[in-house]
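A, B, C and D label the chains in the order they appear, each numbered from 1.
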Amino acid sequence: MTQDATPLQVALIGQRFMGRAHSNAWRQAPRFFDLPVDPRQHTVVGRDAASLEEFRERWGWQHASTDWAAVCAADSGIDLVDIGTPNDVHEGPAVAALEAGKHVACEKPLSATLDAARRMRDAAAAAAGKTFVWFNYRRCPAVALMHELVREGRIGEVLHVRGTYLQSWGGPDVPMLWRFDKERAGSGAHGDLNAHIVDMARFVTGEEVARVHGAIEKTFVTERRAADGSMAASTVDDVVSFLATFSGGATASFEASRLAQGHLNRNTLEINGTKGSVRFDFEDMNVLEFVDATESGRTRGWRRIMCTDAEHHPYAAAWWPDAHVIGYEHGFTNMVADICVALGGGTPRVPLPDFADAFETQVVLEGALEAARRGAAVDLAELR
Amino acid sequence: MTQDATPLQVALIGQRFMGRAHSNAWRQAPRFFDLPVDPRQHTVVGRDAASLEEFRERWGWQHASTDWAAVCAADSGIDLVDIGTPNDVHEGPAVAALEAGKHVACEKPLSATLDAARRMRDAAAAAAGKTFVWFNYRRCPAVALMHELVREGRIGEVLHVRGTYLQSWGGPDVPMLWRFDKERAGSGAHGDLNAHIVDMARFVTGEEVARVHGAIEKTFVTERRAADGSMAASTVDDVVSFLATFSGGATASFEASRLAQGHLNRNTLEINGTKGSVRFDFEDMNVLEFVDATESGRTRGWRRIMCTDAEHHPYAAAWWPDAHVIGYEHGFTNMVADICVALGGGTPRVPLPDFADAFETQVVLEGALEAARRGAAVDLAELR
Amino acid sequence: MTQDATPLQVALIGQRFMGRAHSNAWRQAPRFFDLPVDPRQHTVVGRDAASLEEFRERWGWQHASTDWAAVCAADSGIDLVDIGTPNDVHEGPAVAALEAGKHVACEKPLSATLDAARRMRDAAAAAAGKTFVWFNYRRCPAVALMHELVREGRIGEVLHVRGTYLQSWGGPDVPMLWRFDKERAGSGAHGDLNAHIVDMARFVTGEEVARVHGAIEKTFVTERRAADGSMAASTVDDVVSFLATFSGGATASFEASRLAQGHLNRNTLEINGTKGSVRFDFEDMNVLEFVDATESGRTRGWRRIMCTDAEHHPYAAAWWPDAHVIGYEHGFTNMVADICVALGGGTPRVPLPDFADAFETQVVLEGALEAARRGAAVDLAELR
Amino acid sequence: MTQDATPLQVALIGQRFMGRAHSNAWRQAPRFFDLPVDPRQHTVVGRDAASLEEFRERWGWQHASTDWAAVCAADSGIDLVDIGTPNDVHEGPAVAALEAGKHVACEKPLSATLDAARRMRDAAAAAAGKTFVWFNYRRCPAVALMHELVREGRIGEVLHVRGTYLQSWGGPDVPMLWRFDKERAGSGAHGDLNAHIVDMARFVTGEEVARVHGAIEKTFVTERRAADGSMAASTVDDVVSFLATFSGGATASFEASRLAQGHLNRNTLEINGTKGSVRFDFEDMNVLEFVDATESGRTRGWRRIMCTDAEHHPYAAAWWPDAHVIGYEHGFTNMVADICVALGGGTPRVPLPDFADAFETQVVLEGALEAARRGAAVDLAELR
């Protein structure tokens, strides 16, 4: 970090997958970036006291706590609360921390319900602190470059958007977990996966979704083996797909599934414009494909751009010499760096999503479910 | 061909792109296949007498005519009428030929309207002759193998179907042509391109589409330069996308566009099942990709199968030694061979579409347009 | 063909794989190209009289003969002798036909031995007829475009050349055939496969190989089951690889194998220059990959160019509308078209190899074997 | 780390690219792995005192020093010396540390000259400490899986090995640096890049190279702009390629270049065996491609295996949930973990290279240069 950088006291809530990913990011960002504020790993909060101490020590947090309300309190000594918990426990700590004047970085999707998301957005609007939502793929260099090229007009007017997030781990042999219970998880593939590709599409195009034209929400696996050996109802969607149009007129399709054999983490986004196209596939995450339709048909074709060039590609300069690829976790580390830039008064290279921004993604997700319920198109203005 | 094969006198109507493709197929099939009937290129029919004679000579037709009714007449000496004309002139010759007791091979889609398609289906049902529809991609070896693997249960129960047919030639610089006039062409990308991927999906899964959940039909390019220099209204769709479910419960999406930069002839179909997945991309047409989810995760992955093995792959034995790729036109030649097999009393390796089969594809296409008009889901039973 | 084109009476020697490929090409070229001469399929010559008549009828030859000397005689009425026989029977008919004033189109490699190839080259130099060698891959559109881009300087000065031709059909279960007998076949993978990639590299770079730096010639499968059940010695190479430098200083490697599992017809060529690179893989034959190193690193990457654009890509205009791929056999048909162009006094779009040209490829092949024998570098000037 | 793990005091020499990569690995390994020893970042050693303190603080070293001899002294309190310096300063600290009873982890290649490498190997043989060489790609999950599959016989007997390491950054616009001076750098692309692919090929096959059949060593860029504006001689190789045979008879080719446009970090290895093939490309580092030739030709093809499955793939369990890709630096972190396993008395999942092992790679590199000098084959037994 830069000399005399102001300390930023951080508390993290969550010690599972996202707890690890965020901890690593807070640890690593100051190693690779010169930051205008100095993040300090003050406290980690978790429910499971038994494992929390081991987590704290391993990941370098100074303190551990099982009381999220305490770290969100005005006098906790915490500047930023980082929320890495399940969707149904985002609102409580987020609103508490905002009301206490703190900054908040919250996992995606913003919340399990549109109503809660609206309250969070409103709380953020009324608060002094800044908000951030962990749509980590924005900070994948290839996605950030995609954003830049599209916003600079390199593909012209946007005509078509296609997003898929396909996984294959959710078959009937997977036992019952809380995440298959709609009461607790809110949704299945939809909130988990469509949330990402809707955010990415909004980020890259700079446009909002105006209308959902139709949707399918489907549960193929309706029961699963519970821990006690009985069969329990699996109530979340396995797949949600929907068609939409963006404010600028572009057509769009989105699909998320946990039952698509052969796809492990197939987070893809393609944008076709009047002057060219771009596409991204997270399974080959260091690469952006781009076709420039203004060049001669003789040598025109999809270019496989490896986004590892320090001079040209977002975030590449922070890491290794040119041509050395990065991985999944680096998106989080890049995001910590940009949070620090923003809190230091600077402007990140590509926009960070705040609660107001993430609320728009939530509107789209809700619009898709509503279209599936109605069997008819939904104008998203209804839901905002 | 085999010794003493019965002659099959063929008349072709059409001398444009499909006229060339069909002529080549009738010429080539007997060279590469041993056929149970002996196709003879009796007469080519075209409107443009000026160019017809040159076409006749080049492509080896014995006679030329500008009168399709004459070749469809009972006493014309023709056994099979091959229709390669625009969609709005399919019904006339097809019904006439069927009523005269002839076989008919008709270009896809079956017709420009669902009503005409229904009349053609009914005429076929009442006639003695056999009918065939030129859904040529079924006879691409990779698509035929896809059909076999899915129907044998290699991917288990079908869960998701995804078809796209993306092209990029239809931008605003393309001048006004009859095919951009809805009155004459019926539709744009939809009838031209979605027809293929809907047929392929039905062929590969063996299931019918039950419901369209939503659709987008959109015209981005609304006027084009006419031959006289004025601007004329371009009234067909540039893109149609829709969501559907199949009779067995699988979710599906289809999209056809002529404005997708970077895609030249991106006819793709992917099927995800409980035990595996298959996918096809016509831009790499000799390849089928397959993942077998029953094998260990250690070595599981998409396999790139080059479908050129004479022992194992459909149609491969007819052509060159193993590992020598074929091209676009071979699908037509393979189809001529299978038409001859069917007319000789045999059973082609994979099913040929007849008028009743192609009518079902037409129902799906109409269902998508109806869903777009209604802004609501459509149960296809309504349309049959 | 064009009006009043002069007839070209052709005799084909050979009725196996190449006999079929050449027959098809002579039949098809006038359908797709407007040719300045009018090729007539006069006579096919084969040893096996039993099957020859069926071949003649199927492929449209007017006459059949078992006497190649007769068709090569001055008064045979034949203008061009097309030789599609094994390597050890190229010289006889080629020299006879040349001495009789005929044109000759000979399969590759030019001959089984360098001495025979030299005699053929000298006979061609002394003769009035034109000579052609069936290095068919030059007329694959992607390879022809590769030639054009490199010769126009689009990749700058050539630095590295890499060619491989990998197949996998030659394992120990394949029974003994004449082609595994060095006495009859001359060589194994080397003459069959390295011949192609050496020719392609010379064609694309426009340079000659100056020196072979080292080579490996290896036979892994040393015996095979003969027809009578006994084991017979398999004496040809299974693999030959060698390193070379071109006249302009570029480094090069070539490798041919029949034992490379996973590769069916992996004929690849890559050229790296100071300003860019090009690469080709016959298993994806309609595609040329190109990287332009003069453009910004921000959007630089390998472009996948589908070489099916009638306006820009060699041979594409003759076939189907843009974006419709062709297959293996089209290289032969394109070559027949270019032979007709050359005999009609025109200049083909990319150079045709004659005997003098093919002799240079033979020198390289011999140089590689000599380097393997010596265990030392060989200056090819020694062998010319 | 595990409870009560023995501390391992580490000193790192080097603060450039490798200094950063090693520092990160020592920091990260205990976060992701449960290690049997507890690595402590004791001291970092660098020549540039001005920047060293900032480096020390950023990367978490407790002490900094400009005196490598001091940390290598017997009483320095250091258990393991990690050498991340240029090749010509490997021998000094390595031998000193070994003589002082310490463990040594040395960057690759082992040394700048074969003689120095031999002395290092001998010092290791005589010492109590263990040695490790940073051939980091062995610990890329896809390469480790490649090793396992080949050693288990999944591809049968090894027939062909093909390694390339192609980069493009070394053009004439790159100014003069010490690494272009043969006196200081020893070699160019050869020691830097061929070292990796030779090690990988030895690791995966478990065989030694027996003979180099021929080689090219070439310098295209012979002068570069020095800091003072004058032109200085650039004396290292830009490209070295060579042919070899392995002890088991397999043929092999290796090529390293810094002038191959379009290739950024194209570290590839392919092995063809009697029963299948495997191939790796570092530009898509999370993927191993595998073809199993024992399965039916009907569904046989290259499988794209994403090596991110915790249950099956080496190192995957340590990182993120299945299907989340890792990057370049993780190979180093995985290696630190394995060094700790080895020093804790365990056996890493795949073998770690020690000085004796790395000496064999050095013999191959020297053999290639000798073959280039001689213009003739070299039996490597000569050089050992």
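Some notes on this structure:
Just so we're on the same page, a residue touches a chain if its C-beta (ideal position, glycine included) is under 8 Å from a C-beta of that chain, and two chains touch if they have at least 3 such contacts.
Predicted model only: the values in this text are computed from it and were never measured.
Taking each chain's centre as the mean of its CA atoms, C is the chain most distant from subunit A. The chain pair with the larger count of C-beta pairs in contact, out of B-C and C-D, is C-D. Mean C-alpha position of subunit C lies 42 Å from that of subunit D.
Subunit C has its Cα centroid 36 Å from the Cα centroid of subunit B. Residues of subunit D found to touch two or more other chains are 301-302, 306.
Shown here, the protein chains touch in all possible pairs.
Across the complex, subunit B is touched by residues 17, 20-21, 24, 27, 30-31, 58-59, 167, 169, 264-265, 282-286, 306, 308, 319-330 of subunit C. Considering their complex, residues 155, 159-160, 162, 166, 168, 171, 212-216, 218, 220, 239, 241-243, 245, 249, 251, 253, 255, 257, 259-263, 272-277, 279, 291, 293, 301-302, 371-372, 374-377 of subunit D touch subunit C. Subunit B contributes residues 145, 149, 154, 287, 289-290, 292, 296-306, 309, 311-313 to its touches with subunit D in the complex.
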